[in-house]
Amino acid sequence: MTKENGILKGALRKPPVQTALFFAVMVGLPVLSERGLLPHSFVYALGNTLIYAIIAIGFCLLLGYAGLASLGTAGFIGIGAYTAYFVMQQLELPFIAAFLATLLLSILLGVVVGFISLRIEGIYLAIMTLGLSETIRNLLMALKPTIKIELEHVRLFGVQLGDRGSYYLILIVFSVLMLLTASLIHTPTGRAILAMKNSASAAQAMGISLMKYRLLAFVIATVFAALGGMLYMLHVRTMTTATSTLLTLTTSLNILGAVIIGGAKSLWGSTFGVFMIYGIQSMFLSKIIFFQKNPAFITMITGLLIILVVMFFPGGFAQIAAQLRLWLKGRLLKRKGGGV
Amino acid sequence: MKGNAFSFRDEAPAPAQNPLLRVENLCMYFGGVRAVDGLSFQVKKGEIFGLIGPNGAGKTTVFNCITRFYPPTAGQIFFENAEGRVIPLHREKVHNVIRQGVVRTFQNVEVIREITVLENLLVAGHRQYRCSIAAQALHLPALRREEAAVREKALAVLEFMGLSAYRDRYAMGLPYGILKKLEIARTLMCRPRLIILDEPAAGLNDAETAELAELIRRIRAEYDCTILLVEHDMGLIMDICDTVCVISFGRLLAIGTPEEIQRDEGVRTAYLGNRKSGEV
Amino acid sequence: MFAAFVSMLCGSLLNICITGLSAFAVTLIFKTSTTTNFAQGSIATLGCYVTAELFRKAGVPVWLGLFPGLLTGLLCGLLVDIIIFRRGKNVNPVGKQIITMGLVSIIFGGIPLLFGNPESIPFEPFYNALAAGKAPNLFVPFAGGELVVTKHALICLAITAVVLGTLFALLRFSKWGLAVRATASNEYTAQLMGINSHSVTAVSWALAGALGVLAAVMYAGGGAKIGVSFMTTIQVNAFLAGILGGFSTFHGPVAGAVCIQLTASCVGFLANIPGLSGITRWNMVIVYALMLVVILIRPQGLMGKPVMKKV
């Protein structure tokens, strides 16, 4: 019995199994909403939350593993969103073109920021990336006050994507990226990135090129954020660049907060953090009358939660979960011991 | 290949042999401060070379220049690599120095605290992986093969260093002595030719220092490499070094066998002060 | 043309004052608590709401209502330090940044709960020239043209000069200034030398809060539409001014703030050149891009000294 248990537990630690489980749960939800068991807006909000989760896992690698604090996330999202709009709506090219253009632009941007991170570090880097993000926001505002993709242009391989279609697309992208990132962490590359964060000097002395891995970390974070922006345009289809909070410091800070309260070194923790900050609000609390009347109250609770977690559980929810598991195990052993 | 460490000192290296490391007219200025000022010395193959000097003499700066952490203001550093070619080390990038077999430890222990002892050694074997990042993200079989090979090597090093018991412990929270050993273990992961130790005995007690002396000799014998160290513990230096180099204010004061250094008048003045000026 | 140019520069006086004050406040906290205070703008906004509320509900003129506003900022800063930052000494710098971000959420959520969510909030400058039946602008003949300066900007300039001048003098010559500089250099050593770093950080937070409110009231008085996040841009500029001038000194960030606003004016002035009239739209993009390039070239900031990392 214990052996089977052990195998099961071992399998649960494997990224492919975790991702497959998550996928299996999420893939059924639109069907439930079709049957009327879940409100339609729930699935829509879930799609939005998953977009933020994609951005968060890229940021998790950057902050938790590479130790680089960036506040440029919003700008990177904006690049993805605008590229998607420009390629699909203006040029009327298919999705794949938008995807490749977003990828290319975000890799370029990631390389640029990576180079900046070699010259400027720590809090200075955070402010520098904030400046970059503001530059991009102002650029988008100057380019177009409102960007909008008509539903008829949202096509994937010739098939028009509705709300459900874009939800599945988001889920697939999330699962693939999660799987790749989770696998990468336990490879020489993942260890090199972590080594760089712990001691830049030791890493260099052991043959790790700061340039290569900082660029890599920033490219991953930037690409994930830009893909998030692209998916946002496919899912929501419209954005007012002049007023959208998606492009402001608030978004960068929210993603940062989600990763921190989830556990900076835990990809699933970060995903959970996103559900705490974005998901609960849009999927559950917005249905309760009191919160509908006082939406500001949710913001306050989020803020309070963030402060409490940072002060008392620096490892975030991942740490809370680990401690809870230890405690439960202790209780269980005690009871077993008593039984014998 | 593997000579006996204790008889090693008797068979002095042949004089015609090229030096392993040649530092020529090395200068490192920080603004107006001349940390290293026209320093030249040679390290022979297979010797244990001690670099000593009063606090602030520029010892660590010399190390940092050799391992390319600092770009020297002037001067050249030549190193004979595994193929027997003499290469200008001062042209290498800091993370490529290890490819030539030059590895180092740090004055204030720099280990990767968030991963286990074994994983620390895997990080040190970083340059032995050939897989592309894409292959790594997909966990292709090629990666698994490489990982197994590096892991085996790491286990052997842990065994050699007597760290096997700590294999799966996180480096965070391990005792200082173990961390210092871990740092040395890390240097053994990549066929070292020159191991540079920055104050390996700092913070160790007498018994641990004696153990360290033994360990350094064993490393030289087992790995057939050259060792260059900075140390303040004179007992250790005089015990294990074949050659001792004394520097003061970034300049060479004396170089020779431990016996010669002990007899040197200039060294005594540098360490104890000038009697005429009335200092102790 | 030249008069028009100088007039344009005068137009940025108010922004210089606001950004300068904010930059100083950010620096004060950066140096004593090693964090970038993202809540700087929100605390300022809260104080400004108090002033606005007194003006709207009780008709208290802004120059008088400023003081309760300042007090609010002062208390907010003080509370943040005492309740949160003093207990979070062991939190790492990124953690501290996130705490201030949590504060932003709390204040953003709290303002609508306290003050409701009105469409527009009436406000007035310190000296309400219109109400007094006078012109709000001063016209000064200059180099064959005319300089136009708002009276509000001049009053703000005077206040800023006095406030910052006093603070710089205090930092340089007073015992408190020495304590701040010692804490900024190394908190633990400062404590060992008998400096009460607790009171130093508390005073810094209180002062930063009050300075923020002062800037916010000046900004709103200059015609900015008061809203929950109306100080965000100012705050972002203040941070950038900090690294542009270099956080290693106190005057660096203030100089950085002046640079940013003057550059913005200059770029805006280019629109007068025929063929470049479209440049206004790109104004901030150009300013930010220029600034990023300067910071890349001099990472230590315009006034900072480069530091060599020790291995």
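In order of appearance the chains are A, B and C, and numbering begins at 1 in each one.
Here is the rule we go by: contacts are C-beta pairs under 8 Å (C-beta built on N, C-alpha and C of every residue); 3 or more make two chains touch, one makes a residue touch a chain.
This structure is a prediction, so every number in the text was calculated from the model and none was measured.
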Farthest chain from chain A, comparing Cα centres? B
Could you find the two chains linked by the most C-beta contact pairs? A-C
Per-chain CA centroid nearest to the all-protein CA mean: A
What is the distance in Å between the mean C-alpha positions of chain B and chain C? 51
What is the distance, in whole Å, between the centres of chain A and chain B, each centre taken as the mean of its C-alpha atoms? 43
Averaging only over C-alpha atoms, locate the centres of chain A and chain C and give their separation in whole Å. 32
Multi-partner residues of chain B (at least 2 other chains): 69, 106
Where chain A touches two or more other chains simultaneously, the residues are 201
What residues in chain C touch two or more of the other chains? 311
Residues of chain C touching chain A in the complex: 30, 35-36, 38, 84, 87-88, 91-95, 97-99, 101-113, 229, 232, 236, 239-240, 242-243, 247, 281-282, 284-285, 288-289, 291-292, 295-296, 299, 311
Complex contacts: residues of chain B adjacent to chain A: 67, 69, 93-99, 103-104, 106, 110-115, 119, 122-124, 126-127, 129, 131, 133, 136-139, 143, 147, 186, 190
In their shared complex, at which residues does chain A touch chain C? 63, 69, 116, 119-120, 122-124, 126-128, 130-132, 134-135, 138-139, 142, 201, 248-250, 253, 256-257, 260, 294, 296-307, 310-311, 314
Using the touch definition up top, name the residues of chain A that touch chain B in the complex. 180-181, 183-184, 187-189, 191-192, 194-195, 197-199, 201-210, 216, 265
